[in-house]
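The structures come next, written out as structure tokens.
Each of the next two complexes has chain A plus one more chain, namely chain B in the first and chain C in the second.
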Partner chain A sequence: MRKPLWRPLSYQQRLRLLLLPYLSGILLLVALPALLSFGLAFFRYDALSPPTWLGTLNFLFVTTDELFLLSVQNSLALVILPVPLRVMGAFLLAILLRRNGRFLGWFRASIYLPSVLPTAAYALAWLWILNPLYGPMNLLLQAIGIAPPAWFADTQWAKPGLLLLSLWQIGEGFLVCLAALQDIPSTVEDAALVDGANRVQRFFYLTLPLMAPILLLLTFRDAILTLQESFTTIFLLTGGGPYYATYTLPMLIYEQGFGLLLFGAASAALWVLYALTGLIVLALYLIARQWQIGTTEETFVL
Partner chain B sequence: MEIRDWRFWARLAVTAVFLLPLLWLLTAALHPVGRPLPTTLSLSLDFTLDNFRRVWQLVPLGRFMLNSLLVVILAVPITLVVSSWAGFGMAQLPKASQRRWIVLSLAVLMVPGVALWASRFFLYTRLGLYDTILALIAPAFMGSSPFFVLMFYRAFRRIPVAIYEAARLEGAGVLASWWQIGLPIARPTAVGVALLTFVLYWGDFVSPLLYLRSQSRYTLPVALQLLQQLTASDWPLLMAGVLLATIIPVGLFLLLQPYFARLGG
Partner chain C sequence: MHHPFYPRLLWRLLTTSLALLLLLSCSPSPDTISFMVSGDPAERQAYLDLVAAFQKAHPEILVEVTHIPSASTYRDRLSTEFAAGSPPDVTLMNYRRYGAFAANGLLEPLGPYLAASDLIQPDDFYPATIDAFTWDGVITCIPQNISSLVVYYNQDMFDAAGVAYPADDWTWADFVKTAVSLTQDFDNDGTIDQYGLGVDPSLYRLAPFVWQNGGVIVNSEEFPARLTLTRPPSQAALQWFVDLRQVHGVVPGRIEAAAQDNESRFVGGSTAMFLDSRRATPTFREIEGFVWDVAPLPRNQAVASVLHSDAYCLSSTTQNKEAAWTFIEFANSVAGQTIIAGSGRTVPSLIAVAESDAFLDPGKLPARSYVWLDTATTLRLVPIISTWEEIESTANEEIERAFYGDISVEEAALLIDSRTEEYFLLGISR
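Moving on, here comes the complex of A and B:
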């Protein structure tokens, strides 16, 4: 018998207790640091001496830095072209690998395989593949008679290089599309078949409209992730170069903070990243409301 | 072969394209030591394992690998427990509370990782976690990502409420019904979350870069950067290191492949 030293918790209260580690983790590891980084934008702080109040000077300092505008442009450029390509690729692959066939499981696994590689290993592997002199990609291009570019040694080709290597890591979008394709009721397809719709018609009038919400959500999720998390790849592959051609906002924030110990200025740049993320989220919200996409079911796929 | 088999060949071609980078990585890592790299596209059948031995001599790779293994051995189970608890709790709360937790989780998902770098650095320094393995696995104590919590929530919500009610009437507590009813039904989700968590921590480059100082605590991703700086343009050597950092997640994925193959029937 348990002694009633305290009132035993009800089932509901115990359920909430299960959520406690999650909540306290969020407060300590996300909410607190996020607020701290927000506030730091108004101070001069080098992690060694106590912070001193600067008002809005950090914002002025960051936004007048000519690298700042460049980094925002680069960040956006590395989202606008690659992300739709990645989502389209994942979608088309999901359609191709939708129905049963020989070795289907292994084919699907191969598509997902590059996505399980550690980012650093994946980036360094591509540093080799896209090496201008010995890299197998350029040897392949040469063999089929295309003049190979110098990739990360060329300001014109550094961004396309990053785009190219990002196209192999689309496993997550691929899985989400596969799952969503299975949710299309087969009765709808059968009806279209009976009505004599051919393959192309079924794709454009049936599959694409039904999949549009998922594709949209994937696009926005990928945009946010690419905007925020492209740091490791760029840090190892180009370090932001050549001539700042791949210098993005996360690179700038890292260098201002951990490089120059200007944590206040880094935080001011962070505000811009938040603002860009906020714009993407707002657009997503508005379109989702327009299309009447439920805020419960679909969002969880993502 | 039938003409209808075009789909099979298209699938084969796409798969080949997706495996090509890995094939290139493999051939570079097995390239004989001292032989000049080819400047035309060629397939040599002369392979060597010497590069792996050289990597081992150059950096304490065994140490780095152990560190990485320790990180995932701690982070994956902690993440599974915390995120499945949270998902389990969420799934049985009243509708209005569920909605609040969902909104909170989505909001946390929108916070850029970059935003937390510096302030977590101050926090870990203050708490004495700087330069310890705890700084690498700390996020596991919040389930690593709200994404995982939502995945579990989705899985647990599919279980009819009546089943939980029945268990409760039989005297099962919250933990018992989580362990005996929830988890067995949500096993595919648990496997998925486990694999994603493994990949997340195994590949984490930023945390060791920012929160570690001692080389003896380095994990594989930062060890690769070290190797990159040491080897200059000895590509076969670097690729051997890259391959070693890649083998374990790839092997694990292939082991769990049946779970993914069933996705979508």
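Moving on, here comes the complex of A and C:
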């Protein structure tokens, strides 16, 4: 037999090879620009003329912007409530729909469906659903005798409006929970049944602790994603309004960068966003460690 | 057992796809120029017609059109493309926006090209439009239109209410009276069924009323350093503007405005008058349910309206400037402007085309298109400064709050002044 020029790769090597495109993508498209933007944060740069050194002035400039604190508050508000709700929702739905049944497959597909839609289309659909006068949501509320809110036209209701539409985008979390639930050995469940544990007990003493690492991971992911990627939705639905009620840090970054062509200041704001993301992840990690979920030797997340 | 996997195969795949990528990204031939515009479908068609006519006259130059549907996206797209260093060769820009690009030397001044042209001369254009696009004393872009704010009105509603059509010299008092009598709650259920007026609460809409009241919107047109809505005549105009909603209730409230914008309301036949520029005409020509027309803005102490004008600009990084200029020149020749005017979109900046049937077409609505030409001598400009976009959008937030009754007019005027100060400092004016 003719010897191949190169030895076939081992399983591990192939796995690494498969990871390579993704890893180089992350390095080239995420890590490198992030690092470059860190450098840029110390310059005045409008992308049109050569950068000039500013030291830390951009950070001062951005953090003293009249809209900065507000944008941080708004960003946090749109993480603190929606993220736990979304993760819990995905988890509970996965528990409800994990068994095989006639219509359960359809239900599972319909839960994943909103996550397949392009963000822009999804946002525009909700703009119609939450139209204060003609949207089906408010017509429904009116029909059952509830005074409907003005949603995106009301500074008080714009954030709840965003929360409402984000609650349906749980497809990925749902899928991960579903897969993880199927990984729980049936022997464990059987043992609990033999011991006479009821449904509620099995949930709290068995499923929840076993799923905790997954839920923690999903929470990390969702928090990071929401902080950065809620931009498209907000940009299309409210433009940060009404009167800055949904003006988040990514909106500020966008306006500094592409509105005023102050890419240095935008980069400084971006690194504030990274720091904020880091703080949230750290806080979550500390909580998790306190509760001993997902951080022990036997579990694999951290 | 796992199947053997040969790196060689992977390597071949990689190189092939790389080669393909290179092949696809080959630069276009030197006589290709890119042209970017924004606008609704009717406008898009007009520009496609223009390009088609140009291709016929100049088959040696290929024009690639990029069309961006929304005007606000268009502006961000422009910034991004210029920042990326590969802007479209020819772009259509509003005079409130080109300053940001001109200030950074991104636009090739077209004055010298125009001076050398056999087809068009500066004197062929309305002076206000040439003035608007003159940066640092040099004509920078070639204006295509001289539009301005006018009152669109639904004739059928005026007839039904027995109200006279707006006269060419109507006053603020006539205007408010007309709007009040056209605001109606037909079934007396407490919800207004028909509004007299639709107007967006913004600085650009407010400006002509400030001028009509003898006020100014900036301290100095030459060296703008702050907005001056706090000055008595300016603030009084703002108060009058806000009263349209707060006192007279002739304009839809915040929730109604959020549910359906003013333009759709007018098209849908639930608003009698609507303030807009010529921009709305192509869309309104598709209205079948009623007859509409235009009237000049009402007058007060002074007669004034605000210029709305766009121009063809040439990027300074363009490789083939001559080819791009040939296109700009054609678009602004009598032939080119006649095509665009035919869509109804523009009030041509070339006096000869504006005064021809291409614009005044008696067979098409609005019947009173002459209103735009009469207004031409009373047009004023908002200041031309690179950060004007931010100044306007910040001011709009406060005007809107006053308009819908969240804050007083005094408070709004003060906030507008203090919140926009920074942008005047950052900005470069011509």
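What we mean here is this: the second predicted complex is superposed on the first by the 250 of 302 C-alpha atoms of A that agree within 3 Å, B and C clash if a C-alpha of one lies under 4 Å from a C-alpha of the other, contacts with A are read in each partner's own complex, and residues count from 1 in each chain.
What we mean here is this: contacts are C-beta pairs under 8 Å (C-beta built on N, C-alpha and C of every residue); 3 or more make two chains touch, one makes a residue touch a chain.
The structure displayed is predicted, hence computed values, not measured ones.
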{"item": "Chain B versus chain C as contact partner of A:P132, first or second or both or neither", "value": "second"}
{"item": "First, second, both or neither for A:I95, with chain B first and chain C second", "value": "neither"}
{"item": "First, second, both or neither for A:P8, with chain B first and chain C second", "value": "second"}
{"item": "First, second, both or neither for A:L260, with chain B first and chain C second", "value": "second"}
{"item": "Which of chain B and chain C A:Y22 touches, first, second, both or neither", "value": "first"}
{"item": "Partner chain in contact with A:F152 - chain B first, chain C second, else both or neither", "value": "second"}
{"item": "Touching partner for A:A109 - first (chain B), second (chain C), both, neither", "value": "first"}
{"item": "Which superposed partner A:L48 touches (first chain B, second chain C, both, neither)", "value": "second"}
{"item": "Chain B versus chain C as contact partner of A:A34, first or second or both or neither", "value": "first"}
{"item": "Winner by number of chain A residues touched, once chain B and chain C are compared", "value": "B"}
{"item": "On chain A, the residue positions that both chain B and chain C contact, one per complex", "value": "11, 14, 17, 47, 131, 133-134, 258, 263"}
{"item": "Interfacial residue positions of chain C with respect to chain A in the complex", "value": "2, 4-8, 10, 76, 79-80, 82-85, 100, 104-106, 254-260, 387, 389-390, 397, 400-401, 406, 419, 426"}
{"item": "Touching residues on chain A, where the partner in the complex is chain B", "value": "11-12, 14-19, 21-22, 24-26, 28-30, 32-34, 36-37, 40, 47, 93, 96-98, 100-121, 124-129, 131, 133-134, 136-137, 139-140, 142-143, 168, 175, 178-179, 181-182, 224, 227-229, 231-232, 235-236, 249-250, 253-254, 257-258, 263, 266-267, 270, 273-274, 277, 281, 296, 299-300"}
{"item": "Contact set on chain A toward chain C in their complex", "value": "4-6, 8-9, 11, 14, 17, 46-49, 66, 131-135, 150, 152-154, 241, 243-244, 255, 258-261, 263"}
{"item": "Residues of chain B that touch chain A when the two form their complex", "value": "7-8, 10-12, 14-15, 18-19, 21-22, 24-25, 27-28, 37-41, 82-83, 85-86, 88-90, 92-93, 101-102, 104, 106, 108, 110-123, 138-139, 141-143, 146, 149-151, 153-154, 168, 173-174, 178, 195, 199, 202-203, 205-206, 210, 220-222, 224-225, 228, 235, 238-239, 242, 245-246, 249-250, 252-254, 257-258, 260-265"}
